[in-house]
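A, B and C are the chain letters, set down in written order, and residue numbers restart from 1 in every chain.
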């Protein structure tokens, strides 16, 4: 449903001790949006993603997922989620793909993929397996379904991790530098999967250093600097004449992406 | 709480502490020396010698200390050779048997710990020592042993605390150390909990002192890992 | 009588007696390990919890039960347990001495000690779980309980196997101390056999040898278990799955 706001972040703040990492970030993702989040190391990109699904507890601000706000309590020791059950539910609607894959090492690839649908969503096992096999075929590792994560290459593990997240039928997919831990020759296979997802209309928020992805796949680019959104816009504008000086300097480090 | 009883129990138990300490220090000392010998055999490269060391370690680590102690205490006297030898006046003494078996046992564990320490000595440092002409005992004394000991120290501290606990078994061959006295008090008074608390406190304090001493030793041996501190001299 | 007759399985021999006692030793140790697993899991959870009080309790437990002689703890449980039982009996109208069965007292005492060591093993194993795998479990919406059941416990068990092997060996040897309660396990049986025959040396050697067999056999079992559990970690089984 284009036009539906899948994810909305209002004035998100996060401090670690006295160190304020996010200084009020706002962002909306409509259905089908593919937003690339760019920024220098330490600018707070990971923290931003992790605050959205409460892997970090935001110090302030609002997060809305598919029209529902994550309820927070503001007490003496800072803020905390009002309901653990709601957090678990919201997380199940957000797919997260990590830089380090984070597949469960004691489970096979298939077990990794069916774990969430089977035990969190409590779907029938046969259905979970059918969906999982379809997803594994889609990301191109159907033949590895009975292998353990340790037996796969980084690129295969990351594709399995994407399948695991997709198996939850998430409203929004969050990617935190999904290709940064990969050898250069394995980056392409993961980007292809992500591109295919984008073309299917998945709503995606992608922290990345892959300028070609930001430029050619996403429909919006957000540039973060020192915990704020420095500038954002369509890739044509951002990579074209409309770039802020800071962004221009930032992409200067990457050469000119095609 | 009956403080009069607790304090009189404490006094009685503390009178047994010297015996515990004698058992402990003698067996650590003898066991340590024995362990050095066994470690030397174990790493000698000679298959017969290292096989003997392996068997020794296997036997003393694989069976309970209590059965080893009873074997020494009751078993040795069975042999005329020992009964009529000049050693008998010593070996007849329960405390000698206790120290002997404690030392034999800890030597097995300690030898394994020392060997671990030796394996942690970087080959490059040994090569470097050889390149300046060191070899044999000099190489061991100046290079290998100090480095190995530093590596072995944490595990050795653990073993020493285990030994402190093991001295309790001496009470079963009639040496009246802290646990033995505690047991006697329990059977006289039936006040198990109070006696246990007093005895436990004594052991915990002893352990604490030992661990502090070992930490101090570890600290003083790790100067090379600390940032350079001017004005601090050995 | 010759040594082989003394050790025989027949009426005059002590062989069967010792073998049965060895089984008792295994039973005490296994029961103790099970008790220790429960205690150890609870203490590890306390030490890993956010509550200061629970952490202090956990810390005191492991310090006391790893630092105080095993023999003393056996006395505490055996004599203390019996006085407790007698008191309960008196309250219920039975006035007479009620002894805690020596098997129960021994297994409980060794179990409590083993729990202190197992707590440390479990805690180490918990820390060995890659943080990212726990985050992935949270990110997928698993509740605390589900994470515990599906991710934490299976991984802790896997990482804990070598440590549990060590604790088992420790408890096996500690179980010899249960002989002071009169339970006829391998140590006590060796004592009885050697005392009745005056063949101290022979029977303590045989008893010791039986312990060596038990420890080395259990070593093998744990090594196999470790290999099995780590199949998913090693590259050697590619294609074998």
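Basically, a residue touches a chain if its C-beta (ideal position, glycine included) is under 8 Å from a C-beta of that chain, and two chains touch if they have at least 3 such contacts.
On a predicted model such as this, the values are computed, not experimentally measured, just so you know.
Participant: Could you see whether A-C or B-C has the larger number of C-beta contact pairs?
Facilitator: Per the contact counts, B-C leads.
Participant: Quick check for you: compute each chain's CA centroid and the global CA centroid, then name the chain with the smallest gap between them.
Facilitator: That would be C.
Participant: Based on mean C-alpha positions, I'd like to know which chain lies farthest from chain B.
Facilitator: Taking each chain's C-alpha mean as its centre, the farthest from chain B is A.
Participant: Taking the mean of the C-alpha atoms as each chain's centre, how many Å separate chain A from chain B?
Facilitator: Inter-chain centre distance comes to 56 Å.
Participant: Roughly how far is chain A from chain C, going centre to centre by Cα mean, in whole Å?
Facilitator: The separation of the two C-alpha centroids amounts to 46 Å.
Participant: Counting only Cα atoms for the centres, state how far chain B is from chain C in Å.
Facilitator: Comparing mean C-alpha positions, chain C is 23 Å from chain B.
Participant: Could you say which residues in chain B touch two or more other chains, in rising order?
Facilitator: Nothing qualifies.
Participant: Report the residues of chain A in contact with chain C in the complex, numbered from low to high.
Facilitator: 53, 55, 84-85, 88-94, 96, 98, 100-108, 115-116, 119-120, 146-151, 161, 164-165, 168
Participant: Given the complex with chain C, which residues does chain B contribute to the contact?
Facilitator: Interface residues on the chain B side: 58-59, 62-68, 70-71, 74-79, 161, 165-169, 171-172, 179, 182-183, 186-187, 190, 192-193, 196, 199-200, 203-204, 207.
Participant: Residues of chain C touching chain A in their complex?
Facilitator: 130, 132-133, 135-144, 146, 150-151, 154-155, 158, 231-235, 237-238, 241
Participant: Where on chain C does chain B make contact in their complex?
Facilitator: Those in contact with chain B are residues 63-64, 67-72, 75-76, 79-80, 83, 172-177, 179-180, 187, 190-191, 194, 198-201, 204-205, 207-209, 211-212, 215-216.
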